[in-house]
Amino acid sequence: MSDPLTQLREELALANRILVRQGVLDAFGHVSVRHPQRPDRFLLARNMAPASVTPSDVLEFDLDGNAVAEPGAKVYLERFIHGEVLRSRQDAGAVVHSHSPSVIPFSVARGVPLRAVSHMGSFLGESTPVFEIRAVAGESSDLLIRDHALGRALARTLGAGPAVLMRGHGVTVLGATLREAVFRAVYTEFNARIQAEALKLGPVTFLTAGEAVASAASNASQIDRAWNVWKAQA
Amino acid sequence: MSDPLTQLREELALANRILVRQGVLDAFGHVSVRHPQRPDRFLLARNMAPASVTPSDVLEFDLDGNAVAEPGAKVYLERFIHGEVLRSRQDAGAVVHSHSPSVIPFSVARGVPLRAVSHMGSFLGESTPVFEIRAVAGESSDLLIRDHALGRALARTLGAGPAVLMRGHGVTVLGATLREAVFRAVYTEFNARIQAEALKLGPVTFLTAGEAVASAASNASQIDRAWNVWKAQA
Amino acid sequence: MSDPLTQLREELALANRILVRQGVLDAFGHVSVRHPQRPDRFLLARNMAPASVTPSDVLEFDLDGNAVAEPGAKVYLERFIHGEVLRSRQDAGAVVHSHSPSVIPFSVARGVPLRAVSHMGSFLGESTPVFEIRAVAGESSDLLIRDHALGRALARTLGAGPAVLMRGHGVTVLGATLREAVFRAVYTEFNARIQAEALKLGPVTFLTAGEAVASAASNASQIDRAWNVWKAQA
Amino acid sequence: MSDPLTQLREELALANRILVRQGVLDAFGHVSVRHPQRPDRFLLARNMAPASVTPSDVLEFDLDGNAVAEPGAKVYLERFIHGEVLRSRQDAGAVVHSHSPSVIPFSVARGVPLRAVSHMGSFLGESTPVFEIRAVAGESSDLLIRDHALGRALARTLGAGPAVLMRGHGVTVLGATLREAVFRAVYTEFNARIQAEALKLGPVTFLTAGEAVASAASNASQIDRAWNVWKAQA
């Protein structure tokens, strides 16, 4: 029997592989989980391709994005996404940042919010905010969340929801648990694909706010089933 | 030589794997078949991911959705789909419920009925009904068919046809046999993909009612060929 | 060293597997080649799934669609496609009939002819005719080419070109050689995908008639390279 | 320890396999790299399918497209693309020519320039030029870059940018290094897919010129990570 932290490192490595296999991550993107004993810490792989992450590549960070036990480690430039979202959202236990291909179009198409159209994407509710980095970093940024200020601005746009699109860049999704964050990341991509196709066909009926809440509650109990299927494939 | 019921359990497990491999089912959805000796019973896997179903996971249900031989078994919440469709449709021998990705857009795009555009989807005829759960369960349901009343309402919307779309959720398809239900589920997805692409190109010529009937009759003799190909791949 | 007919049977079995692997054929469709010594005969598999065809499944047919050496063999219902196209087109050495998924939308979208938009699809020229079976078989046919009269009508619509779309059904493509027919079948699907996407973006520049002729002549020398790549994958 | 030229031949063979695996090349297309010691020479495979290229298939060419050490070798007809781009662009170290499927629609849809919409495609900047071969070769060319004059005309349209679309044909992408050219070829395809989907949704916010420059500079340090992931998959 391994201790909870060791198990979580293994689960985080697996989450990386699952997200690659499901088409959410490619050579880029990352997934973090809050430390099980210390809520002011989180676990995140060193700077590397998600598909290659093993438990020993998982480092411990404080919410400022410092690798506490291995200060000289090569770390992800955008670790501030994880630190600031976990700081501002006490209910968040895990964060996925990706360049999810069907989601990016919704980050750049003006006036077409990503929202729950399939019950599997019900957690998205009636609208997903878009973080326009120009409002904070000006007209010539590299679009990356490369410091605390940008991380905090992203967290403000995220607000109380499960996901925030990043214009011309990608999406950040959170969950109460690592498995919920992974589940939501996969079904954000799924919902985006369905929504885009539906919008091409004609006027679309979306989930009501009430349906979104009720359906998200029902789906919460199904997360482990999906996780186990994806684990077997990864 | 195994008895018919044992063979049917094996075929049902295989149908689950085929539907996953063909992109109709993912971690969710289910397929049932009517009991070969007792038409008031049906076979359905216990609550689990379709890809993992083995013959020993197949349970026997009455049409009310009770697992008759294993009352404490963990069962699918939406087993009422199967019970009520099989109750209302004496001609139905098997039922597939899925979140078929190309079909869902037709469940939410208003005024664009899914219909036969390819001869392989001819069984769909001139229109596929859409079950709007709001009309029965109100504005804040979780979209799931979680009781008898919803199952009966779904069966009423299905009427005498081979398929019913479920708004924001998925589709339920039936067949006289298990293989026919699987065949129709796969080609409902295929037809939806073709129809969506055709509608983006221009005004579309669909099959006439007469063509749909004639073509569906011809295709009925081809089901085993498709089944055997899919079996080899699954 | 095997004789030409034995080699051709092997190549025809391989062509079936290639077309499945390239997404042109699925459980349905078929490919034929004219007999190397007797131009009034052709080779075609017995009625079976393309992926499973072996050299010993290849039968010899006369142009009327009779299996000459094995009169009781189970044969494809639509063998008349092959017989009548080979009869009317002395320049044709092989014929592919498929339900090529990106091509079918062009068979039903009115006023949007499939035509050469990519130099790899240059053989398609400025327009591909669509066979509307209703004009011959009336409003209630099963869309299949189930007799000589329908085969002849299809061949008339084909005319002198390389391909004919079949409304709501699929496409028939020919080549001077088996490899050319396979090459054209694969790139008809490719061109259709490119054309559909381009038409969604804006007004499209197609190949001129002169470009189509010149490009098709250049590509003719590249067929073996594609064949060998596809052979290695099949 | 092998010498730089031997290493480069191995890397070029790998680049071919990577580009096939990533869906940029199929049976056609080619990738070259400038000779590490002689800037007036480049390395390119003999005329063959990219997936099969081994280090021993890599030949040395002068910028006129002559295979210097093996004058009778079978060479790519379109080697002039590589020679003339490398001649006109001293900053280019490698060139990829492909029929990248999501890019071709942008080569034929008038008035819809391919441009940076995702930060991964930021190197594309505000517009990608389209080479209209008709302006040079007239109305009846085969669309191929089959001589020096066409190669020079293509290089002129390319100008100082990273990529040039070729109407109805494909795209040519360059990089300072082989890995950068491969990275750009893969993300040109990615960006095209995102841009096409976004344009179908509504009016699109593209990267500003400043964002494109800043993001491209940031991404330049990430090329090896992507290369290593693709290498593991190839």
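In order of appearance the chains are A, B, C and D, and numbering begins at 1 in each one.
Here, a contact is a pair of C-beta atoms (placed from the backbone, for glycine too) under 8 Å apart; a residue touches a chain by one contact, two chains touch by 3 or more.
Because the structure is a prediction, the values reported are computed rather than measured.
Residue numbering at the chain A/chain D interface overlaps only partly, since under half of the positions present are found in both copies. The geometric centre of chain A is 46 Å away from that of chain C, both derived from CA atoms. With centres set at the average Cα position, the gap from chain A to chain B is 33 Å.
Shared interface positions of chain A, i.e. residues touching 2 or more other chains, are given as 200. If touching chains are joined by edges, the resulting network of the protein chains shown is one closed cycle, each chain touching exactly two neighbours. Note for the complex: chain C touches chain D at residues 116-120, 122, 190, 193-194, 197-198, 200-208, 210-211, 213-215, 217-218, 222, 225-226, 228-230, 232. Of all the residues in chain B, the ones that touch chain A in their complex are 26-28, 48-49, 51-52, 77, 99, 101-102, 104-106, 108-112, 132, 134, 139-144, 167-169, 196, 199-200.
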